[in-house]
Amino acid sequence: MSRHDGRENNELRKVTIERGWSDQAEGSALISFGKTKVLCTASFTNGVPRWMAGKGKGWVTAEYSMLPRSTNSRMDREAVKGKVGGRTHEISRLIGRSLRAVVDMKALGENTIVIDCDVLQADGGTRTAAITGAYVALADAIEWGREKKFIGKNSRALFDSLAAVSVGIIDGEPMLDLAYVEDVRAETDMNVVVTGRGLFVEVQGTAEGAPFDRRELDSLLDLAVGGAADLTALQVASLAEGAPGSAAAGN
Amino acid sequence: MSRHDGRENNELRKVTIERGWSDQAEGSALISFGKTKVLCTASFTNGVPRWMAGKGKGWVTAEYSMLPRSTNSRMDREAVKGKVGGRTHEISRLIGRSLRAVVDMKALGENTIVIDCDVLQADGGTRTAAITGAYVALADAIEWGREKKFIGKNSRALFDSLAAVSVGIIDGEPMLDLAYVEDVRAETDMNVVVTGRGLFVEVQGTAEGAPFDRRELDSLLDLAVGGAADLTALQVASLAEGAPGSAAAGN
Amino acid sequence: MSRHDGRENNELRKVTIERGWSDQAEGSALISFGKTKVLCTASFTNGVPRWMAGKGKGWVTAEYSMLPRSTNSRMDREAVKGKVGGRTHEISRLIGRSLRAVVDMKALGENTIVIDCDVLQADGGTRTAAITGAYVALADAIEWGREKKFIGKNSRALFDSLAAVSVGIIDGEPMLDLAYVEDVRAETDMNVVVTGRGLFVEVQGTAEGAPFDRRELDSLLDLAVGGAADLTALQVASLAEGAPGSAAAGN
Amino acid sequence: MSRHDGRENNELRKVTIERGWSDQAEGSALISFGKTKVLCTASFTNGVPRWMAGKGKGWVTAEYSMLPRSTNSRMDREAVKGKVGGRTHEISRLIGRSLRAVVDMKALGENTIVIDCDVLQADGGTRTAAITGAYVALADAIEWGREKKFIGKNSRALFDSLAAVSVGIIDGEPMLDLAYVEDVRAETDMNVVVTGRGLFVEVQGTAEGAPFDRRELDSLLDLAVGGAADLTALQVASLAEGAPGSAAAGN
Amino acid sequence: MSRHDGRENNELRKVTIERGWSDQAEGSALISFGKTKVLCTASFTNGVPRWMAGKGKGWVTAEYSMLPRSTNSRMDREAVKGKVGGRTHEISRLIGRSLRAVVDMKALGENTIVIDCDVLQADGGTRTAAITGAYVALADAIEWGREKKFIGKNSRALFDSLAAVSVGIIDGEPMLDLAYVEDVRAETDMNVVVTGRGLFVEVQGTAEGAPFDRRELDSLLDLAVGGAADLTALQVASLAEGAPGSAAAGN
Amino acid sequence: MSRHDGRENNELRKVTIERGWSDQAEGSALISFGKTKVLCTASFTNGVPRWMAGKGKGWVTAEYSMLPRSTNSRMDREAVKGKVGGRTHEISRLIGRSLRAVVDMKALGENTIVIDCDVLQADGGTRTAAITGAYVALADAIEWGREKKFIGKNSRALFDSLAAVSVGIIDGEPMLDLAYVEDVRAETDMNVVVTGRGLFVEVQGTAEGAPFDRRELDSLLDLAVGGAADLTALQVASLAEGAPGSAAAGN
């Protein structure tokens, strides 16, 4: 059995990270998983919302959105419709919750970081690409805060790294990193968020077609953990460069 | 180690289902998991939205909402705020997607069923109670459609049953069916939707505190599958009665 | 002439009040007028909105809403439509204004009580049932405030009780407490809010069919005053019990 | 006891009707009750909304609004706030419902008339002025429809006329047509809509301060019926002129 | 070539200004350009929004709106649609920006003036009529602030006057002050805002049909400057009267 | 006098056009003016909205938006605020109106093209960059429609090209193509949209500081016409390449 683009079942698409893409944000990354392209920016603000003040803790939140023509047929803008859709809400919440799982809010201090993940082009896996890119933007924004002395010099605000990937079952076969043409055919679809140490932060499996059994679930988790490790290596390489640059991996 | 209400770690709260609570809806159930009470109604309409017409297939969708004072402190109404919140959207989508996983849309024919799950009182596990109660309301609405001849006499529109339960890890111990006081302390929180045959429809695990490992994930899935089997038995008993009545299980 | 359910023209439907239905709210009542069921909760907050602070006065307000399938055919949720409808606004305002007419805001002190009236099932007379039930919830919330010492021990925050009932003219005959099948046929429809002492707080009469004359108006007011006295007696009985319990009256 | 502007208790303010104020609308009237000025337009459209089509009946509806600086201090625009407030909704519904009470929808045929009542300046009694002016605009719009042959030549679409006035109790004395300075002091406030034949269409009495008794209610109704008769006479005079002109009454 | 109403190409319609039309606002003017009628009010508030406080500067802003039946066919209300349309936003911003160009915010001091321009009847040129009338309302509101001592006695808060007019090219001929029937036929449409000294504040030219060349642009600017001078003279006359009165000019 | 980046007063920033940036849209261009980067996509749909059908004419419309962190400090998303702001509306309308000025709607036939201009990074001149890039995307979308035979082979749907540029006066000196640091200091700011033949489509000049005179207006127009000619040349070069590629110009 072969995939539409010739990949192995356990192979990622070509993944690239243009770290520091934005001249405006404190941290940023333009991440691509094949044709999926997501611009992630991290905006650092000294201070927290009033209701959180005085507790010595920071806050990280995220917003996800798709450009209207990031997809094959144009979608109406949520701003024009006057409301944020359920899927957008759900993904924004997922990204923010996932990132907070690797941040020590005490070490961050009373600072707020807002992550924006805007999908410029969509070809499946936008939410997992967003999380993977957002981690890089977040790391740079925290470094910026340290340089500006908003965060203590020895504070370890990030205690682990974070990557995410989609997996799914197509015609009975578990596969890693689904492109859109695969995603629409998947019987089961799972998004997995994993830390650099290999622990789970989110496991979201959904039977799109037939319900799945425990063995299938296990296979999917194995694939996801492997893919996440590759993504972690790419994040490490990207962040290792002195100044924001870019790194690429995959086929 | 003992739970705040004396339950075993693998024990459900007292669960009751008042099937046929509503005089208005085609199917309904008022379900309680301890103090959590959710009114589930299923509204059957002959016909489908225009964009689906002519395909010989039906549609099932769901909306979840909490009464403003279902919780310990009053929340603002979403209608007054003018928008549906992210959590509400996310849960509504989860309920609808889960139910659709056991419905054969061809067998349902061009009919629409809207499920409403309104939380009258909340004490943890409202989304899983909603799914479990919604299945009973859905089954009765489908039966109603069959009696009214909108669905074929021999159509098997429901090919499996569906129950859901929450599990979580508190102080390192996996536990079944978290009450609110447990939920806020949980390091990991998972909602699992399981069919009557024991297959997974949704697995949504989230690290609220520390990330979790594969062994913890496995323990949680074991607990959930056991709890779901008990709920399935209760649904079967409730639906076995000729006319809508009520059934109760648990401690 | 006989009514669809065999009642006399001056007879209420069976009315029941489950006082203290909610484990969460400071005061609550699930009230039924026949098949009409309204859950009324009263949420007590110490303090008032900023613009009212420092005047030594409290505030009471109300919100009314119908569950989407409380009615015979499903209505869209106002939260989903993104706005509160005119009828909902109008009834919420009526409930709040009526209750304020029996509250001494100085005696209440700088405390806020929000009344929520959610119609679980509708069969005519939901707004008057809501007011009648809300009074019981309000009385318990005020008592709660007194026990918590937010209200002075001897303050008489409630200086009268309050009940409401609908009346109407059908085929030329004035009738008390219209069920839905009667309401749609009524030429004139009137909602009357009366204090325990028999004074009027609101009189809202509307010609749905033919305009009405002074003699008809007088007959309707007579019926309403009689029905309100029965409801007052029921409220007194319900509130007389030491702990929140339930009371029932009517046919 | 004398009123702030020297009127008797049963005396209207100076009321003027500039019939045909608008060059655009099919019917219009700029009505003044003292400093209260309301521009009423009636827009006639051949046809009805799709859901009403084919029944041979017409429809009349109304919208009320206040200019932001019609009042003593500026109010925010509802369009800017993004929603119509409860009071606006309530009054719009009252105006539409009242006018429909004198229209024979069969005789109107499948035509729609939308009434807009925009308060240019407010000094109490805006809703009753709106109804009184709207009747004149409505009558001209129906006449326009007849001339254009959208309505049958002999159809009697309007079977009665309609006027409205406010009454209230101030310091224990019932008074007609309250100006704003009186309105804010009133213990009881009532809006009464009366047909040209003296029948009631709406009676809306509210205890703003102390609840009221039956004798007070009767006095208020007497005053209102008298004031409405004066307004009816003014409407008749205004409509008697061949072409839209203007008529004035009162002190 | 002659215009539909017999005017010369460089001739304004009959323009009238009813200064002080409102009994409520600190400054007001009902301005007419032929059948176009705009009610302009200026609301003066001592103080500025919190984010501007402490800088010793004031603020002037504007809102424009059309009554639903100001036009030939009825438009839906923006409040009912729940959002302000693009054209309304654009014109509100234009009016506010233009007026601010002749106000010395330091001299105004920490005071806020909100201009409301409500189009009661529309026949082309509503935005330019609004600006011309708003200037008169603004001048009176500033004078009111001076009398109330919110503005220093010798402060020169208005350092120039402001008038606006539309010009356009129809069948190749440049014309001043287009009525609606002309506006819809114009190839190019331009709105020009000019100070009393003849300087430009806004030049907004749009090719509705064919793009325009430099020579056409020059002709339009010449016409506009001439028309604005006439409007300035009318404003001066209107403001010269001791108490708010009215002034008229044109054909 | 020298500019912050060393440019001459009549010199554009470095302008680049990445034609065909998107794999999804029928036409697209990522355009940069210095650090300003705008992604323009053109979505071609066969057919027109129902209200336009049957007239044999097409439609072109546009939407503009800024990513929340395209600017120096993060802005709230309009989708989250639930409404499109006035500036966004105004610019969207400007882009759509400008493009329509060079499209022959008859030649386009019953097809709709929606242009999306999303500002990825902002450094002044985003609206003029958007128009300049949108023209390239539009041209490719029209070509796509011709290849797909939705547009007649010999139809000349685009009868001219279109470019736009900002100009302004800073410290009394007219300058071309303002960067953000210049824009905030400009006394007068003008956006000019010019066709490939040098005709004006839009001239929008605004006095941000002091009003401007005729001579200054003339200088600004001269600068704009020169800059637009350079942009036109760049568009021609970009579109001359067989397949979508990229072209660059400027310093």
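The letters A, B, C, D, E and F name the chains in turn, as written, and every chain counts its residues from 1.
One rule holds for everything that comes next: a residue touches a chain if its C-beta (ideal position, glycine included) is under 8 Å from a C-beta of that chain, and two chains touch if they have at least 3 such contacts.
On a predicted model such as this, the values are computed, not experimentally measured, just so you know.
Trainee: Touching both chain B and chain D, which chains are there?
Mentor: C
Trainee: What is the distance, in whole Å, between the centres of chain B and chain C, each centre taken as the mean of its C-alpha atoms?
Mentor: Taking the average C-alpha coordinate of chain B and of chain C, the gap between them is 32 Å.
Trainee: Where the centres are mean C-alpha positions, what is the separation of chain D from chain F, in Å?
Mentor: One centre to the other, that is 51 Å.
Trainee: Name the residues of chain B that each touch 2 or more other chains.
Mentor: 82-84
Trainee: Could you spell out the chains in ring order, with the walk beginning at chain E and its first step landing on chain F?
Mentor: Read from chain E toward chain F, the cyclic arrangement is E, F, A, B, C, D.
Trainee: Which part of chain D faces chain E closely enough to touch in the complex?
Mentor: That would be residues 22-25, 28, 35, 39, 41, 43, 45, 63, 65, 67-74, 77-84, 88, 114, 116, 118, 120-123 of chain D.
Trainee: Per the contact definition, I'd like the list of chain F residues that touch chain E in the complex.
Mentor: Checking each residue of chain F against chain E gives 83-87, 89-90, 92-93, 97, 101, 160, 190, 195, 197-207, 210-214, 217, 221.
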